[in-house]
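Residue numbering begins at 1 within each chain, and the chains themselves are lettered A, B, C and D in the order written.
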Amino acid sequence: MIWRSDTRRSTKKSTASPSSGWRIRTSSSGGGHKAHREVSDEIVERVHKRVLAGMGLIVLHSGHFSKIFKKLMGTTCNLKWREADEKERLWVVSPGHPIAEGIGEYIELEQEEMYGESFEIPAPDELVFVSWFEGGEVFRSGCTYTRGQGKIFYFRPGHETYPTYYNEEIRKVIRNAVHWAAPTGRPAPLFGNRKPLEPLKSRQEA
Amino acid sequence: MIWRSDTRRSTKKSTASPSSGWRIRTSSSGGGHKAHREVSDEIVERVHKRVLAGMGLIVLHSGHFSKIFKKLMGTTCNLKWREADEKERLWVVSPGHPIAEGIGEYIELEQEEMYGESFEIPAPDELVFVSWFEGGEVFRSGCTYTRGQGKIFYFRPGHETYPTYYNEEIRKVIRNAVHWAAPTGRPAPLFGNRKPLEPLKSRQEA
Amino acid sequence: MIWRSDTRRSTKKSTASPSSGWRIRTSSSGGGHKAHREVSDEIVERVHKRVLAGMGLIVLHSGHFSKIFKKLMGTTCNLKWREADEKERLWVVSPGHPIAEGIGEYIELEQEEMYGESFEIPAPDELVFVSWFEGGEVFRSGCTYTRGQGKIFYFRPGHETYPTYYNEEIRKVIRNAVHWAAPTGRPAPLFGNRKPLEPLKSRQEA
Amino acid sequence: MIWRSDTRRSTKKSTASPSSGWRIRTSSSGGGHKAHREVSDEIVERVHKRVLAGMGLIVLHSGHFSKIFKKLMGTTCNLKWREADEKERLWVVSPGHPIAEGIGEYIELEQEEMYGESFEIPAPDELVFVSWFEGGEVFRSGCTYTRGQGKIFYFRPGHETYPTYYNEEIRKVIRNAVHWAAPTGRPAPLFGNRKPLEPLKSRQEA
């Protein structure tokens, strides 16, 4: 599932892409944060269960404030931000990571919204991109997590007033992430009360 | 704050220890899981905020199922378990970690409840102990996390029918963890809309 | 490259597998540790460069003491061991990891050599398997690392007197690891003295 | 031990600071990289052993190219660099880390040498600082590692033509790191052939 939120458009929809098997969830209507709140807790619970059961989740840009991302991270996911048409340069800092496949040293975006540290997230399992911003900030822009059997990738860029999602390298990163986050075929984990696999001394004595 | 739950005792209290500045929270009354549910969401929200603001949190044994731990982890924190008076041996796997100070190669407990993998938690920032159980299971028994400015240590042993908390090495680990989890003196992070620290080309042109 | 060492066989060879593109390096001749020493430093240097440039490396069993693994880890890679025909159970502790694809809760090996903690390695980037041994020890049995652009997987089992490499699940893990460790297509990193990407105040003033 | 290299001074010495118990190792004489080569392999071996046995190691600035750091990391520790009197801003990205105690959101240095990614190091156990550079680069500037029982902190700033080490916040970070890297009192690890801690079925049958 790819999760993003648009702050300017006034529709809300969930689109199934039959070819990829991926579902794009766009939550919007005049303010990303407002839209996040409109997603019901029940849906968040169901997506949370699906992620833990193995469904990949790609969280884009202001999706950092979505209920599902905050629930999975266990933190506020708060950050600094500024809309000032400034330059962003995303540096690859995990040079062998499959999400960076086909990407050069960095991706340059002429104009983007700034997101700056502190970004209140758990330390990522893998830090793939770090952004440089013209205004003086840095940001952990590409972060992977595993929660349960599910793989999660947070990717920073994508403000809706800039043509970021038409950038070929940005699209390549998202495609790479979709492949990376594909579920791993494994049985569901077993929990709860379990018999011993080996003989216990306490039982033999009894 | 040290968080544990007792399943047999019938009191519930929060004890301030003036000498240490630590507050021990014991939630109980005939079933740890029941007791967890009795902690109100409002209290969980307040503890969550305090942890992110820097308060250390030590979660013991069945505290893995407390609302606050699950909220901070973002996962179910589910696991396997068995009460069968079996031997546990906690091996140190982070030999330089301050939480293992003064501990030998392993801690042996003649009788404990078994907790087994899968343990549905995020991969710990640092894995300090791994338990071996007589019945054939292993468990990630000592796990550190940082969330916001707060440090969290989960420590597995401590079933209420065994004298685990009288074991000198177990007590040493908990003392070490309290020191390790002490808050770091830093200003609260700044979030939200921020002015640039450097001149922006877009602004100069305007 | 898959690196293992055999202590009983008396040949030493490097086998190219044309179908997979993988090269199996077996170093042997009556004692794994002796054989490791026979690998020249020059070859180790060349393999090291290739790994940093992106070549995957799978290190099996006593390959923990190979020169190349010790050089990549930066530690002694020392451990405890015992040959006593004892049971090993490898528990999956990263349930979503592609190296664990198709594997159940654990892999059981009726007879194996014991390797026990402390295992003097850097904390793995990802810990995929933890072994339980009949004799009372645990071991971090499946460890991933990235060094430069290269992915490394250390996998514990494989003593030459047991039929471990005929076990279907063990073979599956190794196949999974080969896929996981495949090089990521990226340009070689640029190092050294570099011109600024942005105008510098110090230069403008000059 | 604090390890730095000076490229302009012409002395080489090892200074014991009796009050702190720390030893400052400065390797120099007209070119940091030349000086690194002058440190004998035998001394590197001895320092390596001491670090694995628990001695803290603080590596400053061009110490990234010291033999001991490269040996501990297992990689080239190569990076980009530029001397152009440009601004550096070190952002705290691990807000609860003891090495960041007393430090605000960032440390600003008016003029420094630039070090840029890719920095060919293992992913740090903890990433404490990320630098922003005026010329458009970012850098993982504060990195912690544990190797054996020893704690290692790499800290980027400190070019010898700038007054960096007179900066109070930089000094505070180094002091914090010295405390953080203090050895943990634990017995030396046991390796090699070991008897079982539990009765083995194979032995009972025999």
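Please note the rule applied: a contact is a pair of C-beta atoms (placed from the backbone, for glycine too) under 8 Å apart; a residue touches a chain by one contact, two chains touch by 3 or more.
Please read these numbers as outputs of a predicted model, since none were measured by experiment.
A.B. asks: In terms of residue numbering, is the interface formed by subunit A and subunit B classified as same (over half shared) or different (under half shared)?
C.D. replies: Mostly same residues: over half of the interface numbers shared.
A.B. asks: What's the rotation, in steps of 5°, that superposes subunit A's Cα atoms on subunit C?
C.D. replies: Angle of rotation between the two copies: 180 degrees.
A.B. asks: Is the number of contacting C-beta pairs greater for C-D or for B-D?
C.D. replies: C-D
A.B. asks: As a quick test, compute the distance in whole Å between the mean CA positions of subunit B and subunit D.
C.D. replies: 29
A.B. asks: So the centre of each chain is just the mean of its C-alpha atoms; given that, what is the distance between subunit C and subunit D in Å?
C.D. replies: It comes to 26 Å between the two C-alpha centres.
A.B. asks: Could you list the positions in subunit D whose residues touch two or more of the other chains?
C.D. replies: Answer for subunit D, listing residues that touch two or more other chains: 89, 92, 94-95, 105, 116, 118, 120, 123, 125-126, 134, 136-137, 146, 148, 189-190, 197-198.
A.B. asks: Across the complex, what residues on subunit D touch subunit A?
C.D. replies: Its residues touching subunit A are 89, 91-95, 105, 116-120, 123, 126-127, 130-133, 136-138, 140.
A.B. asks: Residues of subunit C touching subunit A in their complex?
C.D. replies: 54, 89, 92, 94-98, 100-105, 125-126, 134, 146, 148-151, 183-187, 189-190, 197-198
A.B. asks: Which residues of subunit B touch subunit A in the complex?
C.D. replies: Going through subunit B, the ones touching subunit A are 52, 71-76, 78-82, 84-87, 111, 114, 116, 118, 120, 122-123, 125, 134-137, 145-148, 189-198, 200-203.
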